Amino acid sequence: MIKAGVIGATGYAGAELTRLLSRHEETEITAVGSKTHEGKKLSEIYPAMRGICDAVCISNSDVIELSDVVFACLPHGLSQDIAKACDDAGKLFIDLGADFRLTDEKAYETWYEGEFKYPELHERAVYGLPEIFRDEIREAKLIANPGCYPTAVALGIYPLLKRGLVEPDAIVIDAKSGVTGAGRVPSQTTHFPECNEAFTPYKITEHRHTPEIEQTLSHAAGKRLKITFVPHLLPINRGILATIYLRAKLGINEQALREAYESFYFGEKFVRILNPGETASLRNVRMSNYCDISLHFDRRTGALVVVSVIDNMVKGAAGQAVQNMNIALGLPEGTGLTMIPSLF
Amino acid sequence: MIKAGVIGATGYAGAELTRLLSRHEETEITAVGSKTHEGKKLSEIYPAMRGICDAVCISNSDVIELSDVVFACLPHGLSQDIAKACDDAGKLFIDLGADFRLTDEKAYETWYEGEFKYPELHERAVYGLPEIFRDEIREAKLIANPGCYPTAVALGIYPLLKRGLVEPDAIVIDAKSGVTGAGRVPSQTTHFPECNEAFTPYKITEHRHTPEIEQTLSHAAGKRLKITFVPHLLPINRGILATIYLRAKLGINEQALREAYESFYFGEKFVRILNPGETASLRNVRMSNYCDISLHFDRRTGALVVVSVIDNMVKGAAGQAVQNMNIALGLPEGTGLTMIPSLF
Amino acid sequence: MIKAGVIGATGYAGAELTRLLSRHEETEITAVGSKTHEGKKLSEIYPAMRGICDAVCISNSDVIELSDVVFACLPHGLSQDIAKACDDAGKLFIDLGADFRLTDEKAYETWYEGEFKYPELHERAVYGLPEIFRDEIREAKLIANPGCYPTAVALGIYPLLKRGLVEPDAIVIDAKSGVTGAGRVPSQTTHFPECNEAFTPYKITEHRHTPEIEQTLSHAAGKRLKITFVPHLLPINRGILATIYLRAKLGINEQALREAYESFYFGEKFVRILNPGETASLRNVRMSNYCDISLHFDRRTGALVVVSVIDNMVKGAAGQAVQNMNIALGLPEGTGLTMIPSLF
Amino acid sequence: MIKAGVIGATGYAGAELTRLLSRHEETEITAVGSKTHEGKKLSEIYPAMRGICDAVCISNSDVIELSDVVFACLPHGLSQDIAKACDDAGKLFIDLGADFRLTDEKAYETWYEGEFKYPELHERAVYGLPEIFRDEIREAKLIANPGCYPTAVALGIYPLLKRGLVEPDAIVIDAKSGVTGAGRVPSQTTHFPECNEAFTPYKITEHRHTPEIEQTLSHAAGKRLKITFVPHLLPINRGILATIYLRAKLGINEQALREAYESFYFGEKFVRILNPGETASLRNVRMSNYCDISLHFDRRTGALVVVSVIDNMVKGAAGQAVQNMNIALGLPEGTGLTMIPSLF
């Protein structure tokens, strides 16, 4: 059994990861770490885990020592030293935070107000979006697990840009996320009576996932591109739906667009391209590692609309982290990820 | 125009009260007070109020000075000095907190861990449940606005106990409240992802509204009685529904029970007794000052079930406070309280 | 008192309208009509209305006969004959359905599969968006109350197009609506367990409000324009939020954009332009007739984002209908529309 | 692999069962039946199942023929003939409907207005509540899967009645259920805008689960008892919480009560007795087969409150059916039931 350790296990991503790893056939959770709750059982923080994971939260360094694979689920800025420690100890490190996602230090400075402490680690870090970078992940020792919005968006339109079927400029991304995306710490914004029966965009054109999205889409397009990205807070627990507005290049018809998806995602376990006439819905991926994508072509105006949905906590965080671990360790990619979406 | 001042105007009860007073034909809001937000506009805290009430939050003492009627919407323990100041200044004081609700200092000590600082004020304080104590309210200068649960429960079964139609012992009250009842300060319990799609009882048999309920019901029964009271947190914003389990006394039939309600509440504007076959529902009183009550008699077991619903923020707090003010000032009782329940 | 009659009073728009008219100082509801529920009290369908409006539903022709002002809240296709009957009887008719919104019969045929039965009525029909067509409404006897999405969108960007400050092509409108927008008739889509905790776009680029939006925006731009419009179903009861993506014309800065709004909406009672740094939120307009609008300029990409929010049942339906009636009858425009948004 | 067939697979219980069986290591789904949707793929009705279960719905008789184990998820009255057909064909039959739950035909007539068509089948039917009737289930060929409320209630207080620790009379059960309990067919009651932000009791003292609850509790008490049972509709998708009010017999203290639970449920996989001070919450069992139970003793009044929670679709329906199948077939009882509750 692979020894897995989770740092930041009491946050939402960390807890979901611990939950998934608890049923993973090839791993055992050897350590859960939490600064805030050190000394407490995980099941005291999440009573749903009573009898399932009653491990006591320990320090980060103890987690590293006890584990073969280390996951960190921390606010940005806190993972670089952990990555270094894992690297020194020769352990596989998967970071669910933002520290290793951007390859451009400038962008990291601008958007996160931080710097690259160990540039050589950043060079070896692999962006863990398996459907796009699977080969690199196979060889990786340090994996930057993508953000939730970037996962939904990149999976949603990467094939179109890669094949050069759409105009790379003026892409508009209107994204909506459930409240777990805001994390476990209470705030006025996430206080039930202010969040329930409400709906609001936030960080309009200023969200930190913007450069990450642009990085992957630029990689696809083969040129630097800029997007307009507006996230909104949905009064539901889980899920991200991104509605993406593009223009097909002259002469590209719906069939060509659809084929790009089908060939690019051929054989993929976790990406489902919907049939013409179907619309991707957040409810069909909840609690699962699926990404559902639907295409909509407006003959009247020539506009192309892509809808991409994931569970932000699974494919957008913990599930994808497990998928990355599976790939990096040579396990079957779907191990521990057989969850069927909740139907209701 | 009557000069109304609201202390604690940025909490939920205070804000709802300010909202109601803003459309009251006989009052003008002359001052809103807030310790936390002193110097800020109320509409900065509640942007819904932009252009409607842009008053700047000031200190408590300034509120008292500027107002003819002072409302306080504060955690328990903070209203006694304000009551004293209002009394000294000859102003009508309506307390939406708990400090003056209990007449028995012992009970106040036990449940609230406080003491009566100005016993003479407590003697003159009137419990502001208009349908039961209207005559006293008319003469009052210090009104203790009832708690939300006690309002729903007392209105729900007072007539039965008053008429001696039901056994006063072993009354079970299973109550459910929307999350605004927990106030505006965020907490883990009220964090959207933990509150949404969830449902939990809390403070089982230990809720501070217990002695207040017992006080009013004992008053009705003419003897001290004890109840079993279990509140639950509903994943909705507003409303309280109390399901109350009683036993009719031997020989009392449904007709007699129903008549007790109809005569007791005859002519009441804000209490609606439902017809046989109808069931009180929280959705029919939202945003209004109504209390809907339905009776259900189980011929098979002899049990009597009463369902009583209010909007916890209106009849359970701000609306009732306005009703009390109207009575104490000799205005028509329904002034400023013509809100029709939201239909959906 | 003006005699008001509501046809289709048991649907959501009709019921909300009846609710608003019940507290309107200058009207009395003389008749409510319903085919499905003829002979039943409105308060049997909406028990929230017990004791407030217990009128019995009668036939459409009886409603017309008994009223000075007739409102129809019906599916499209059913209002033309009613309009004719009102016209013959010389009564003011306000249609909350879609039959008279489009001036172009071709568009009506294409999108609604219907035809103009009385072309002369269509010529005299006025599009009832008061902030834009107030002068025409003043003289009108037949008012087409706008759709909910078109209201939010048109108010949101009309000034920019009118002043020629933005590119009229390639406008993208990503709109989200609460479930009351789908009406009162149950369906699989609106069945609680399938709608709750879910989120889905629908009728992508095919929604019937598209030509209505284009009609008003074309009127503003002075040329025919086409938009990309994607509505989504939000798991909340009320409200519409439209996120609108545009490009300012070369050389137009944020200040110019903002001034366009401020001068266009100067003195308007129901439109609130938010300050820089503020974001329009659905929760700040619920239960009220307000439209809140915020502007967001992305210096990095040059994109302009406008957020426009209304309560779909009030400013998007019943409230606007009352506003139109007030204007057409020469009453103060805000009569009966003083509702403050619910704070929570 | 065991061949499993599900009749009524497109209803909520049937679909959840199909979902669980899709990941059960020892079964394959050989047939799904649906009258309404015969000829359609299950994944057309539940797009969440795309690529997971794309089986086409067939007729009931075909399902029986193709399967070793037959599950029926049908409204009451429709299972008796299916049971007969399974019995004739020698197949294990597990009925998720109500036809075989009551042993007393009189009660079935009174509450369900039906009759026992094959009395000998009723005699051999076993009530499938594993924690109480495991030995009988092991030998059964016809299993009546319990109702959702009866499961939560019986597990909640069976040990207390069995040991004679509480008064068997005047037990009050205030239960609350998520909306999936009302099934998949839309209705006014479950229409999102009428169900959301609302809360209402229903079928007060008249719910069909009443005799089923009384049957099991009477079995525990060794005498016929009657209960007061009031269900409520919670605006959430899944879960049942029952708040149960009892009186301990004279001289019975909290310790004795707690021990009764701990010894009765010793070694049980799916029942978790909470520690003193903890409160059972619906959110801790969602999506899992657990039943969490907490005890609360009121020293002030002597009242005993028990809180019992399950996921109505899992332990209250499909999960328990799988558990019953496992037992009847001699598989490890937890096979296919390793789901960890969703944390949020």
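Read from first to last, the chains carry the letters A, B, C and D; within each, the first residue is number 1.
Just so we're on the same page, a contact is a pair of C-beta atoms (placed from the backbone, for glycine too) under 8 Å apart; a residue touches a chain by one contact, two chains touch by 3 or more.
Just so it is clear, the model here is predicted, and its values are computed rather than measured.
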For the pairs A-B and B-D, output the one whose chains share more C-beta pairs in contact. B-D
Which chain maximises the distance between its CA centroid and that of chain C? D
From the C-alpha centre of chain B to that of chain D, how far is it in Å? 39
With chain centres taken as the means of their Cα atoms, state the distance from chain A to chain D in Å. 36
Just give me the whole-number Å value for how far the CA centre of chain A lies from that of chain B. 46
Could you check chain B for residues that touch two or more other chains and list them? 12, 180, 193, 196-197, 235-238, 281, 283, 286, 344
Which chain A residues qualify as touching chain C in the complex? 170, 172, 174, 176, 193-194, 196-202, 204-205, 226-228, 230, 232, 234-239, 241, 243, 245, 279-283, 286, 296, 298, 300-301, 303, 305, 307, 344
Quick one: which bits of chain C touch chain D in the complex? Just the residue numbers, please. 12, 178-180, 184, 186-188, 190-193, 195-197, 235-237
Considering only the defined contacts, which chain B positions touch chain C in the complex? 12, 15-16, 19, 22-23, 46-52, 180, 197, 237-238, 272, 274, 278, 281, 283-288, 292, 313, 338, 340-344
